[in-house]
Amino acid sequence: MINKQVQSPAKAVEDIFDGATVMIGGFGEAGSPIELIHALIDQGAKGLTVVSNNCGSGEVGLAALLKAQRVAKVVCSFPRTANSTVFPDLYHSGKIELELVPQGTLAERIRAGGAGIPAFFTPAAVGTPLAECKESRVFDGKEFVMERGLKADFALIKGKLADTHGNVVYNKTARNFGPIMAMGSKVAIVQVERVVEPGEIDPEIVVTPGIFTDRVVEVANPAHESALVAAGVCYP
Amino acid sequence: MINKQVQSPAKAVEDIFDGATVMIGGFGEAGSPIELIHALIDQGAKGLTVVSNNCGSGEVGLAALLKAQRVAKVVCSFPRTANSTVFPDLYHSGKIELELVPQGTLAERIRAGGAGIPAFFTPAAVGTPLAECKESRVFDGKEFVMERGLKADFALIKGKLADTHGNVVYNKTARNFGPIMAMGSKVAIVQVERVVEPGEIDPEIVVTPGIFTDRVVEVANPAHESALVAAGVCYP
Amino acid sequence: MTQPTNTTGWTREQMAQRLAQDIPNGSYVNLGIGIPELVAKFVPEGRTLIYHTENGLLGMGPSPAEGQGDPELINAGKRHVTANPGAAFFHHADSFSMIRGGHIDLCVLGAMQVSKDGDLANWSTGEPDAIPAVGGAMDLVAGVKSVYVITQHCTKTGDPKLVDSCTYPLTGRGVINRIYTDLAVIDVTPDGFRLVELSPGVEFEYVQQRTGAPLLPIQ
Amino acid sequence: MTQPTNTTGWTREQMAQRLAQDIPNGSYVNLGIGIPELVAKFVPEGRTLIYHTENGLLGMGPSPAEGQGDPELINAGKRHVTANPGAAFFHHADSFSMIRGGHIDLCVLGAMQVSKDGDLANWSTGEPDAIPAVGGAMDLVAGVKSVYVITQHCTKTGDPKLVDSCTYPLTGRGVINRIYTDLAVIDVTPDGFRLVELSPGVEFEYVQQRTGAPLLPIQ
């Protein structure tokens, strides 16, 4: 008997420790695991390194986690957002460190971390400030920069549906970083609208096989970041 | 209007040229695109480099292509097969070159080729004869060997169902190398049991997005290698 | 070089329309945010393009009707979009494999500066107080087969955007193939900028004066 | 060291049964071809293991009834298998990401030789006329968290398989954690081979005589 379901977001994130590296899924609001992030705010872990494509908007979800000053460093491709002053304020006051990574390099580093690849070469960023101080090398007459695989202690991910073995399917473009962050993290925590029994998801359509998933938690009606921001919600 | 369907296996492989590198999908008989291989035998291209996990069985499919002496070199993880003397005979008589690659390294090299990654590091084969003469490097105290991405001119792949845009789904463990070979080849040719209109495959369950596929061809009732071998078939 | 924004030449829509003529049927295309997005509206009848958005969708369709959007079906600009028949969803590593692996035929981007060697600067002014943010631009220019820029010929203050060498931080080195501006279509060649076409009523000298490097005549 | 194959100790089934006791509930397991496959039959009641086969299936079930096999649902040994509820299919690069990335808890393999340093040789005799074939063995030993060997203690000609250093070409260096033979369970430790358990009726000296490197006593 294998059952990876946990009963609440709070339970799902209870062992995230101070200083942990946490991958957080989502591209903009699509795929942002808001309920898991809010549970992490409640839980109190601090000094975190967050790996995420963006830095959230308004003062909910990821932006609220930053606002609460729980994050020492973000590894991110696009921390600027129209509707948030949280990251800019922290950045300008020197309260948060930023490692800026091209989006495709970020994705590939996460996948590499999960696939046991310690380093790989990419043409992205060659000749730009983001490749300064990085090892570069010519293959077949073209220059590439070496990038390292990226691993995290935890990942917070939003799926659509999961079974108790941890097989996950996603919703549309909310898939984005979820599958690779499940691979790249030691403990992948996935919130889904519904958890079902093994056998209820066709093995041909599983996107994240259960081996990459450690905990699934049901959030039947997940909030949408844009709706919360429009309503002026500030968490907590 | 985009329509990648071609009318016959013969038409699908007509421009494969002498000396081309051809990736051929399949693990054992599962996913082996027998009808495309037979069309390639009929077509006559020679001096090929074949990238494939195995070397076929009996004297049909891939084994028949080897037997016809169209293949100068195989890049392969497991060329030994219970039911075939074709590869051993060619190998012992010096008529074929073998590049032996660990299976996971082979898969990752093909994916890397398709993903624009010219090289990566893997722990597989470190300290073994297969890593001799290869560059190695220590990351975080552990030794890794550098492997190069692998690209092909063509790929021959067996799917289950495709649409005219080239989106493909597979059948069970016949999926194996198909999706990555579609990525790693310039011209990916996929045989499927049925070609449908765009929209008939749910975008959530597409395994190979159409961008990786160049031609799809219907083979309604594909032969199974084991059945042909059991029946004593020798192609052509 | 500081002069009022010119009122001569193509409008943004006309620039997009001009570019759209040059995209072959069946191309896989990634359109950047801003003017590049306009290109989709002007694809000639009878041609089908397949749009890739790097956040995991191939076969992106137009924006949905007001109020019909799905917050989990968005494009790289985070705007609501739709999925056309024949679409596919995939994760970010697969999406950037399409980009980095050279599977996308064309990418259209905005620019702050393009150099005569095809260098592009479009992600940062390099000002110390700016929040750096790069997104997928560096991956796109490094991986996509052809990279076109669509931009006003000069900045709002009248400075040329086509320059001898970029002063802003680079997005990529030697990556731009062609530039569509309000004044002209210009190729980046091994010899530098070469004029392909002038917008109606605009003369070569007028464009040369507003270009920060020598402009070769139409070949 | 050449002596008849011993008739003392565990049978193949008993070796598999002994190994099966040591696999925790919920483990992700990859079983090699041959004796390793027997392990699945002996998993204690109440424990669920999830079997990975490197050709793209997690949640592999037992062989189907005779004649019920699907030629496109096979395991790494190319035998017909089934898919349990909760299974998933995936492609080869994903499958070896599970292996190389350390996501699989345990791999059980056969061996030609294991050295006191945990080196494994199980893919080639190194003979010049042999057809080299490696499959996924090198990836498995390099990536899986724990790698157990299950093997007869000696070769058919009575030579030890547990050796000071391997004479056959290596599959991996320092990769084996534990060895289950017909005579004993033996750990590979920084100090060399250490006895964990003797099979019933077998004595320490008997095993030591048939082991090509010093055997440390049970700790």
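Should a chain be cited, it is by its letter among A, B, C and D, assigned in written order, with residues numbered from 1 in that chain.
Rule of thumb we're sticking to: contacts are C-beta pairs under 8 Å (C-beta built on N, C-alpha and C of every residue); 3 or more make two chains touch, one makes a residue touch a chain.
As the structure is a computational prediction, the values presented were derived from the model and not from experiment.
Chain centre most remote from that of chain C: D (centre = mean of CA atoms). Centroids built from CA atoms put chain D at 36 Å from chain A.
Chain B and chain D have Cα centroids separated by 29 Å. Rounded to whole angstrom units, the spacing between the C-alpha centres of chain C and chain D is 56. Residue positions 57, 83, 89-90, 93, 96, 99-100, 142-143 of chain C are each in touch with at least two other chains. Annotation for chain A: residues touching 2 or more other chains are 108, 111, 115-117, 122-123, 170, 172, 204.
Contact between chains, as defined at the top, is found for A-B, A-C, A-D, B-C, B-D.
In the complex of the two chains, the chain C residues touching chain B come out as 25-26, 28, 46, 48, 50, 52, 57-59, 83-90, 93-94, 96-104, 142-143.
By the touch criterion stated above, chain D contacts chain B in their complex at residues 53-57, 70-74, 78, 83, 89-93, 95-96, 99-100, 119, 124, 129, 131-139, 142-143, 169-174. If you check the complex, the residues on chain B that touch chain A are 108, 112, 115-123, 137, 139-140, 142, 144, 148, 169-170, 172, 204-205. Residues 27-31, 53, 77-80, 87-88, 91-92, 98, 100-108, 110-111, 122-130, 170-180, 207, 224-227 of chain A are the ones that touch chain C when the two sit in their complex. Looking at the complex, you find that chain A touches chain D at residues 1-2, 111, 113-117, 163-165, 167, 183, 197-199, 203-204, 206, 209-212.
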